[in-house]
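What follows is a set of structures for review.
Look at the two complexes coming up: chain A is in both, with chain B in one and chain C in the other.
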Partner chain A sequence: MEPILEVRGVRKAYQGFLLKDVSFSLPRGYIMGLIGPNGAGKTTLLKMILDLVRPDAGEIRVFGMDANREGEAVRARVAFVHEEPSFYGALPAERVADIFRVFYPTWDVETFRGLAKEFGVPLGKKLKTLSQGMRTRFALCAALAHEAELFLLDEPSSGLDPAFRRDLLDRLSGVIEGGQTSVLFSTHITSDLDRVADYITFLRDGCLQFTLTREEVSERYALVKGDPGILTEEVRALFAGVVVGEFGFVALTDDVRATREALEGESVVVDRATLEDVVFYTGRKGKGGMRFRGESA
Partner chain B sequence: MRRVMEKDLILNRNVILINGAIFAACLSFFAIWEADLPPRVYAGFSAFMVAFLPAVMVTREDKFKAMILGCSLPVERKTIVRARFVLSVGMALVGVLGAFLLGAFLPSSSFRAGDLFAWGPLMTGLAGITLVLSLLLPFTLRYGMKGILIFLVSAQILGAILLVIMQVTQSSADKVLMGKILGALAWIHSLVGHTAFNALLVIFLLATLGVSYLVSVRVFERREL
Partner chain C sequence: MVSRPDPLNPRNRGASVAQLLRKEWMVFWFRGPLFLFGVDVFASLQTVFVDEAFFLLNVALAGGLALYVPVIEWYQESDKMLHSLPVSRSAVVITRYVIAVMAGGIAGLAWTATGRLLLPFLDAQRATPAMWMTLDGILTFIVCTGLLFALFLPLYFRLGMGKGALGFMASSLILLAIGYGTRGLGVGSGGHGTLPFPAPSGLIRMRISELLAGMGVAGTLTTVLLGTALLLGLSLRLSQRWYGRREF
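Our next item is the complex of A and B:
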């Protein structure tokens, strides 16, 4: 089956930033989490899918259509929540929703009102009087009120309280149940992805580190803890990242089997790596350029 | 396009009304207290004022960073530009018409209806609207509020440079140039007659607006949000 979203060799250069040849695809009926530190290129990528930013090279296809040339048709089937939801703050929430409504033939007023009630969004209040979290809730109501096939959510859970975040994740899981809808959302809160994401795409400094299923990430990555004395050049080469502390080192490996074999007999502990570990340690250094805490790059 | 225009009107209704009231107060002052003001100047001035109404929309868009929202909706950028042009021209025409009605029927106004609702002031108003919008819209669509500032500052710098050059070189090239333009217009007027001349002027203004539209589409399609 054709993927709902296909990103092929996308490149975008800004002054001081380069998104390099990013490629991945998202099948129908799945949730993909887009992770990476600030400035990794997550928002740029989401904006390119919405055709708000044009790639310098490469291609983005959504529902089999070119995101640039057929942008209008693509956006009609996409729901979005921007990182900082930008609305006309001087208008009441309900009035802004009325504006959205005319652009989406599948917009369901009852669904929208029901969601607003459920999410606790005061529709009569001007948007500028609402908190950032409440504006995000409003944006989520709008995103869920029409029959979108692809949800693009840029940091939807930041600014939301933990209880609502959990509700949101449950709702996103519900959205894909029919097998026709997919969700791509970027987040810093990697524990959210542990709960719902089927695929993880990791960007760092504009480079795609990996795009894997959640299970593949768990299988591929592990934390290795041990005495710094065993950190020979050969051992270091096994790690995607390492941090040396006063009492030992913690390293991230992306080849658990090879690491186990190489360190057999050594006094090390191999632990499961969480997504946060993967982002944290990969973010500390690259395989080719060892860097220790306190040292400059 | 209608949906985009409705969106812009709903979002900017209050500020348009407030600015309309300010313009009306200003024009009332000219109509009542500037007795020597020629109708063409009144027409040109009112056209210049109302043609800046799109700037009001842009300031709102910038304030609320709402262009990103507009461009995330299922609508082509070209349609957004077209809607902005139609709305701006429409608002400006309504504004100039309102200014003429105000000037003509305001008690104590120094104008009579016949002074303003004549070919001269009407064409001046139309030319003022078209030229200002044609120059302004590509800048605002590309750069937002910054575009208006770029437009105004560039115009002032250019004017100042030309003025200095004129002063330093003691040249009368500006007067010669204006004289040649007016002479050429008078020659065309005498050649084709009054009605055809006005028709040609309208065609020229529409062509200018058309070129501005095409430029705006091109620059707005390239704008990254």
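Our next item is the complex of A and C:
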């Protein structure tokens, strides 16, 4: 089956930033989490899928169509929720929804109103008077009201309270149930992805680190804890990143079997790594990936 | 298998100019008419006695009407939202030019209508009729609003509202310098051209008066209307090209 989203060798250069040859694909009916530190290129990538930003090289195909040349047809079937939703703030929420309705032939007024009621969005109030979390809820109502086939969510959960975040994740899981809709979900709250994501794409400094299923991430990555005394250059080379403290080190390995074999007989503990661990520890390759406590990423 | 889009399905087409016009109207209608016409009526009472000021006020009204929604979008950073909708950049550009032409027409009508309404308050001793009463004045209005949009809109579409406005001011100063520098060329004595520094609109009015004298009413009307349309057409093409390259 042709993937719903295919990113091939995409490259984009700005002053002081380079997104380098990013390639991955998302099949229909799955949720992909897009993770990475600030400035990794997540938002740039989402913007390129929407043709808000043009790649310098490479190609993005959505529903089999070129995201640049057939951008309007692509966007008609995509729902985008921006990190800080900015609409016509001086207008009441209901009026803004009416504006959306103009552009989406599949807009369902009843669905929208029902969701707004369920999410507690006051439709009579001006958008600029709503909190960021409430504006995000409004954007989610709009995204769910026009039968989109691909949801692009850029940090939607950062302004939401934990209870609503859980509701949102359940909703997203429901959206993909039919097997025809997919979600690409950029977030810093990696615990959300632990709950719902089928695939994880990790960007760092504009480079694609990996695209793996959540299970593959769990299998591939692990935390290793032990005495700093065993940290020879050879051992450090096994790790994607290391934090050395006064009483021990914590390292991330992306090859659990090789690490276990190399450290056999040493007093180390190998633990499951969460996505947050992967984002936190992966990185500095200089000095064997050494990162000291208190040092900023 | 992912199906190819059916071009006959409205879901697979971008928004039409008509849909975009509807969106602009929905945003404008909320407060726009009250704000712009309220300001215009109040300011008209202050400026109707000074021909050039009253003229410029209504050229500004045309700009205000055309740019009301773009300014809101710029201020509230709504352009990302707009372009995440199924709209083409080309349709957005065409829509803004259609609105500019409509705004020019509305402002021109407001100019003459307000002038007529306030006529009883005008100085009865005026030696010359107000600009809005004369053909050369009305054609000057058409050329000035046409120039305003033809110059500003490509810069707005290329650079955004803030930098575009700065670019517009710089370009206007260059045009004014050219206008003032060449004001004496081809002008006989006794006309507007002999004034040391006529108002900017006076420079254009002077040329239109020359056209009227040389080509007659029909020739001048045709020249001015076609020239303005051509200018806006070229400006539209440039805007489409530049806006197509913008990133949000």
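We adopt the following convention: the second predicted complex is superposed on the first by the 282 of 297 C-alpha atoms of A that agree within 3 Å, B and C clash if a C-alpha of one lies under 4 Å from a C-alpha of the other, contacts with A are read in each partner's own complex, and residues count from 1 in each chain.
Definition applied: contacts are C-beta pairs under 8 Å (C-beta built on N, C-alpha and C of every residue); 3 or more make two chains touch, one makes a residue touch a chain.
Note that the coordinates shown come from a computational prediction; the quantities given were computed from them, not determined experimentally.
Asks: Sharing chain A, do chain B and chain C clash or fit in the superposition?
Replies: clash
Asks: By the touch definition at the top of the document, which applies to A:53: first (chain B), second (chain C), both, or neither?
Replies: Both partners, chain B and chain C.
Asks: Considering only touches as defined above, state whether A:164 meets chain B (first), chain C (second), both or neither.
Replies: Neither chain B nor chain C is touched by A:164.
Asks: Which partner does A:1 reach: the first (chain B), the second (chain C), both, or neither?
Replies: After superposition on chain A, A:1 lies in contact with chain C alone.
Asks: Does the superposition put A:104 against chain B (first), chain C (second), both, or neither?
Replies: In the superposition, A:104 contacts both chain B and chain C.
Asks: So in the superposed three-chain picture, is A:63 touching just chain B, just chain C, both, or none of them (first/second/both/neither)?
Replies: Only chain C; A:63 stays clear of chain B.
Asks: First (chain B), second (chain C), both or neither: which does A:73 touch?
Replies: both
Asks: Name the chain, either chain B or chain C, that contacts more residues of chain A.
Replies: Counted on chain A, the partner with more touching residues turns out to be C.
Asks: Kindly list the residues of chain A that each of chain B and chain C touches, one partner per complex.
Replies: Shared contact residues on chain A: 47, 50-54, 71-73, 75-76, 80, 82, 86-91, 95, 98-100, 102-104.
Asks: Give the list of chain A residues in touch with chain B in this complex.
Replies: The contact residues of chain A facing chain B are 47, 50-54, 71-76, 80, 82, 84, 86-91, 95, 98-100, 102-104.
Asks: For the complex, which residues does chain C have touching chain A?
Replies: 1-5, 10-15, 19, 22-23, 26-27, 30-31, 72-73, 76-78, 80-81, 83-88, 245, 247-248
Asks: Could you list, by residue number, the parts of chain A that touch chain C in their complex?
Replies: 1-4, 28, 47, 50-54, 63-65, 70-73, 75-78, 80, 82, 85-91, 95, 98-100, 102-106, 128
Asks: List the residues on chain B that touch chain A in their complex, please.
Replies: These residues of chain B touch chain A: 3, 6-7, 10-11, 14, 60, 64-66, 68-69, 71-77, 79, 222, 224-225.
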